[in-house]
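Paired with chain B in one complex and with chain C in the other, chain A is shared by the two complexes that follow.
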Partner chain A sequence: MKNNSILYIGILIFGIAAPFVFPAFKVQLSILCVLIVLATTWNIQGGEMGYNSFGNILFYGLGMYLCASVQVGMFFPLAEWTESGGEKTFVHTPAQFFQGMAVGLLVAALVPTIVAGLIGYSILGLRGHYFAICTLGLGVAAGEISGGIEIIGAGQGFTTPPFPDVGSLDARGEFFYFLSFFTLVLTFIAVRSIYSTRFKLILNAIRDNEDKAEAMGIETMKYKIIGWMISAFFCGLAGGIMGGLVGYIDSTDVAFDGREMGVFMVLMAILGGKGTLWGPIIGATVFHIFKEGFWTFFLGWQYVALGVLIVVIVIYFPEGIMGWLREKYPERFGEVVDEKDRKAQVELK
Partner chain B sequence: MRLNKIILSFVSALVILFSTSVASFAKVVGDKIILGAAISLTGKYSSNGVHTQNGYNMAVDRINSMGGVKVGGKTYKFDIIYYDDESNPKRAAQLAERLISQDGVEFMLGPYSSGLTKAIAPVTEKYGVPMVEANGASRSLFTKGYKYLFAVLAPANLYLDVAIDLAVEKNNGKGVTVAMAFEQDAFSQDVRLGVLDAIKRTGSKKVIDDKLPKELNDMAATLVKVKQMKPDVLVVSGHTKGALTAIRQISEMKVDVPMLAMTHCDAAKLSKQHGKNSQYALCASQWHKTLTYKDDFFKDGMTYDADFTKEFGYAPPYQAAESSAALLVFKDAFERANSFDQKKVRDALAATNMQTFYGNIKFAPGGQNVDKPMVLFQVMCDDSGKCENKVVAPTKWASAKLIHPIPSWSKR
Partner chain C sequence: MVFQYPMISVQACLDGILLGILFALIAYGMALQWGVMNIINIAQGDLVILGGYIAYFMYLYGIHPAWGVIVAPVIMYFVGIAIYKLVINKVVDRDLFISILATFGISILFMQLMNFAFGADVVLANSDYGTTMLFNNNVVLPNSKIFSAFISILFAICLVIYMKKSKLGRAIRATAQNARAAKILGVDTEKVYAATFGINAALCGVAGALISITFTIHPYMGLPYTIRSFMIVIVAGLGNLPGVAMSGMGLGVFEEFADYILGTEFRIGSVFLLLVLILIYRRFKLSRKREYLK
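Moving on to the complex of A and B:
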């Protein structure tokens, strides 16, 4: 337990010091935090519950649009802000910007949670591939629909409020880094405490055999919906932050970016190891580093390189990095291998 | 728990990785001026991204081989750091940040497309990095008060309004009926705004106003409506794919319309890809090789066309020409500023007033080029099936007469 707290404090110090130690990497580090949040919350469904969702991008995109809309709408007419691709210019004062961001993030977290509840109620009855395909459609549909809504910029995109001039050039990077790092810490604490309760066991029971779980008297539907709502809460938050960080929201390429973010969050969780607490975190970090590296060194071929990486993952690490480590060093995961028993089994054959 | 050891070593490995990967370039290394550019090498804009990159490279080679840039009595050569933005605004904004804060780039060239430029401009503006861009035409880029953004091209709303004027003129000054189909992206929607203005101004009427999905592969539904409504003009804009899809389906469905106005015909190599099927299409263009502008580096449009074709194996679309022009602008500004100070270079850029093979360049306070009109060309084919783009408007540059109305498919 003591060891654990040292680890957490170490990571926390690293997280707080990172933007000052590596000032040039602030944006990448912020994105890393967002990626970890997305992978960790995807893991609630995909890993612990066994429901492979491609629809979490819906909450991310929704959060992004909501946060920006609230941030603008609180102080200026939103329709004029986005009219003709944002021809008119309004400037937020620092106070307006931060107030707007705070309220915006709150809305960006709460509304997707409610939406997840409503959609979950109607589609979480689907199982296996049917659920996956249905959720895949959610993101695509949301992208196309939002691309036609004039008040949020439609196809012209939505320029989020520029960061106010507070004197320092680094302020923007630091603000968004700490915001995303704080969200990451919040997500981690929330997920970790959830995983230490009966809730996780229920999710696992649903994954292992939903019918049996139901027969045991568990209201599976309720827990499935709650699980998805928790994911949606943090996905929305991550989306809101990402919108401000990117500065420009496009319906299919930035917000409801199922082709990239939507797939990446699944990949990262699988790479790190589904159904573990640390798996998605490690997966997201490794993935992000590889991806940035590929972008620099394999210009124009990065997706080929990424494809090779995915093939390698699937073939050699089907259970992810954590799964692989666990198999290799079971004793480090607190698993005791009874040599006598193991030998006895082998000899019997 | 031993697990912690694994995670701890993982975290420390990360720290080492980060600290070793801080590569730093400076804006000017030795005799090199390093410019940064995020270009769409993959994704939906990849063909135009490559045109842009080829245009940049062509100009870099030409300027470097003809003596480079002279600043403070010393000669410098251009060099460009490229990244692939994957046609994604999120990625583009990230890369701009990376070019500036990690690679230390102090001068930028623009990406391809309005959407990506919209994502990058706030970043360059924040850091005060002068950016000369050649492919972001959206009008809203020039109303934001950006001080470090300079576009060598005319804004998107001017692309096709000339076509409406032309149609009205052919209709004896009376308003016409217009069918519009535009892709859901920043550039095409801006072209739409320009067309809407022209419709209002000329007392015309819009009969169809369709928004088409990105990565346009099918517009049959719109064309069915066009067949029913029989508008005087059909306007289509959706980058390269839009142009290709429109011609493919119009010829397949034999849609008769008196005037077909589009964008990106030359980038899509329409006359080559679709031959006679693309005949009579009217296309907005920032540049055409027959225009008689001149400069010292590329001489004129015809020479640029020949040199580019020799080097890259295809005729330069205007996207390449305007990209080359961006470097000429940078060279001119550096020499006039006689300094690498970003503010001085910015002021020199703002005071640009020059002619290039691509056209005159003079920036309005918003950053758009106000000294270069758009041209319209029409795809015209001879009996042997060889097609060529000929300028038909404005009259000053016209090398052929507009064929109007387009003969129906049954008579072709």
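Moving on to the complex of A and C:
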């Protein structure tokens, strides 16, 4: 326990000091924070509940569009803003920008949660691969449909409000970094406290055998919907931040990007280890470093590398880093191992 | 609009039916591998597009693209076997989600490789087949569409006969029913799986060649074909060929009407939305009996 608190304080200090120590990597670090949030919250229903969703991108994209629309719509007519595209006829004052961002993030977090609650009852009744394909369809449909809606920019995209001039050039990067880092800390605390309650055990029961869980008197549907709503809340928040960070929203390439972000969050959680607290965090960090490496050194070939990476991870490494560590050093995870029994199991395999 | 101009409805219906036959051919391949190997192949649509590019390249080199219908399946059969040997045989008896994710990886890989090899332009292979006018020149049907529907039916019939009569067909059906029992009785299931995946890829090749003649192809257009075939299979059920044909045509007609009524930009979106609605509908229907989709 003592070790843990030292670790947390260390990470917190590193997190706060990071933008000043590595000023060149501020944007990358912010993206990393968002990726960790996405992977961790995917893990709530993908890893713990056993409902592998490709559709969390729906909440992410929804949050992105909502945050930007609210931020613009609070002060200026939205339709004229999107119509003018790159050439801005309206400029946010700093006060307007931050007010809009605050309200926008609130909306971006709450609306996807409500949406998840509304569609949860019908969609979470599907199981296994039907759920996976259904959510995949949902994500792509959202992207295609939002690409046809005029008021949020349709095919030409939506430019989010540029960061106001507050005197310092570094302000934008620092603002978004601390925003995403704060969200990450919030997510971590929330997820950690969730994982120490009975709720997590119920989710695990649903993953292991839903029929039996139901037979034991657990209202599985209720808990499944709550689990999905928690996921949606943080996905929406992450989307809102990412929209401001990127500065430009396109329906299929940025917001509802099932081919990239939608797969990334699944992949990061699997790479780190499904169903663990630290797995998605480690997975996201490793994945982000790999990805940036690919993007820098194999420019143009990054998707090829990504495709190969997915296949390799899924086939040869489905347990993830945490699973591998657990296999290797079970004592560290507080498991008491009977050497004889373990050897017998290894031989059986 | 649909009722004011009946000829548009007729046009949409005919277009949809001809298109739906093509979808049914792809869906048959998906049903085959799903039934036999219990995997869902997200890369199905990308195999279709790859088949289309084979026909397109024949067209570029001056060979009539219709010959692609014969060349594409042959090449695609070996592509399918190669994919099976490299990836699929490691996911066959694992969790279905693993197969979905692994084939998603293959799909991304194929998309990008095709983008490099063939460029990101929308292309089509011109077959010069002309058009047929019906109902006082109010309904226009390109002959290439009729040709493609005809070829699809031909291939489907050949395949059904092959599955019924040949030795490999019998082995495939036996493996689908019970892989373990088939193994005990001396069927080399590994070979059967490879052949099934190869046949599936070959079917995709045929469909792709036909699509490159009748419509357009583009490296990123694969996923909608996967979703369409998945949808057809879940509506019709595994191993129900008339059902596959009917729901394929139904989907085609739905798409054409969605195209006319909602506009082309919502066409793909409406297909994906329809999938979600169908799944939800089936879920509620089954939940009355306290069952769920398996």
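By our rule, the second predicted complex is superposed on the first by the 325 of 349 C-alpha atoms of A that agree within 3 Å, B and C clash if a C-alpha of one lies under 4 Å from a C-alpha of the other, contacts with A are read in each partner's own complex, and residues count from 1 in each chain.
Keep this in mind: a residue touches a chain if its C-beta (ideal position, glycine included) is under 8 Å from a C-beta of that chain, and two chains touch if they have at least 3 such contacts.
Given the structure is predicted, the values throughout are model-derived calculations rather than measurements.
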Query = With the two structures laid over each other on chain A, which partner does A:Phe90 touch: chain B (first), chain C (second), both, or neither?
reply = neither
Request  = Go through the superposed model and pick first if A:Tyr303 touches only chain B, second if only chain C, both, or neither.
outcome  = both
Inquiry  = Tell me the contact category for A:Val263 with respect to chain B and chain C: first, second, both or neither.
reply    = second
Ask   = Where does A:Ala24 make contact in the superposed view: on chain B (first), on chain C (second), on both, or on neither?
value = first
Key: Which superposed partner A:Asp250 touches (first chain B, second chain C, both, neither)   = first
Message = By the touch definition at the top of the document, which applies to A:Gly147: first (chain B), second (chain C), both, or neither?
response = both
Remark   = Comparing chain B and chain C in the superposed model, the one touching more of chain A is B
Task = Go through the superposed model and pick first if A:Asn52 touches only chain B, second if only chain C, both, or neither.
result = second
Common interface positions of chain A, toward chain B and toward chain C = 144, 147-148, 154-155, 300, 303
Chain A-facing residues of chain B, complex = 1-8, 10-11, 14-15, 17-19, 22, 41-42, 82-84, 87-90, 93-94, 97-98, 101-102, 115, 118-119, 122-123, 125-127, 138-140, 143-145, 182-186, 188-190, 193, 211, 213-214
Inquiry  = Touching residues of chain A toward chain C in the complex: what are they?
reply    = 52, 122-123, 125-130, 132-134, 136-138, 140-141, 143-145, 147-148, 154-155, 259, 263, 266-267, 270, 300-301, 303-304, 306-311, 314-315, 318
Request  = Give every residue of chain C touching chain A within the complex, in rising order.
outcome  = 40, 87, 90-91, 94, 96-98, 100-102, 104-113, 116, 223, 227, 230, 234, 263, 265-266, 268-270, 272-273, 275-276, 279-280, 283-284, 287, 292-294
Residue ranges of chain A in contact with chain B within the complex = 3-4, 6-7, 10-11, 14, 21-28, 31, 84-89, 144, 147-148, 154-157, 159, 162-163, 169, 172-173, 242, 246-248, 250-254, 257, 260, 278, 282, 285, 289, 295-296, 299-300, 302-303, 325, 329, 331-334
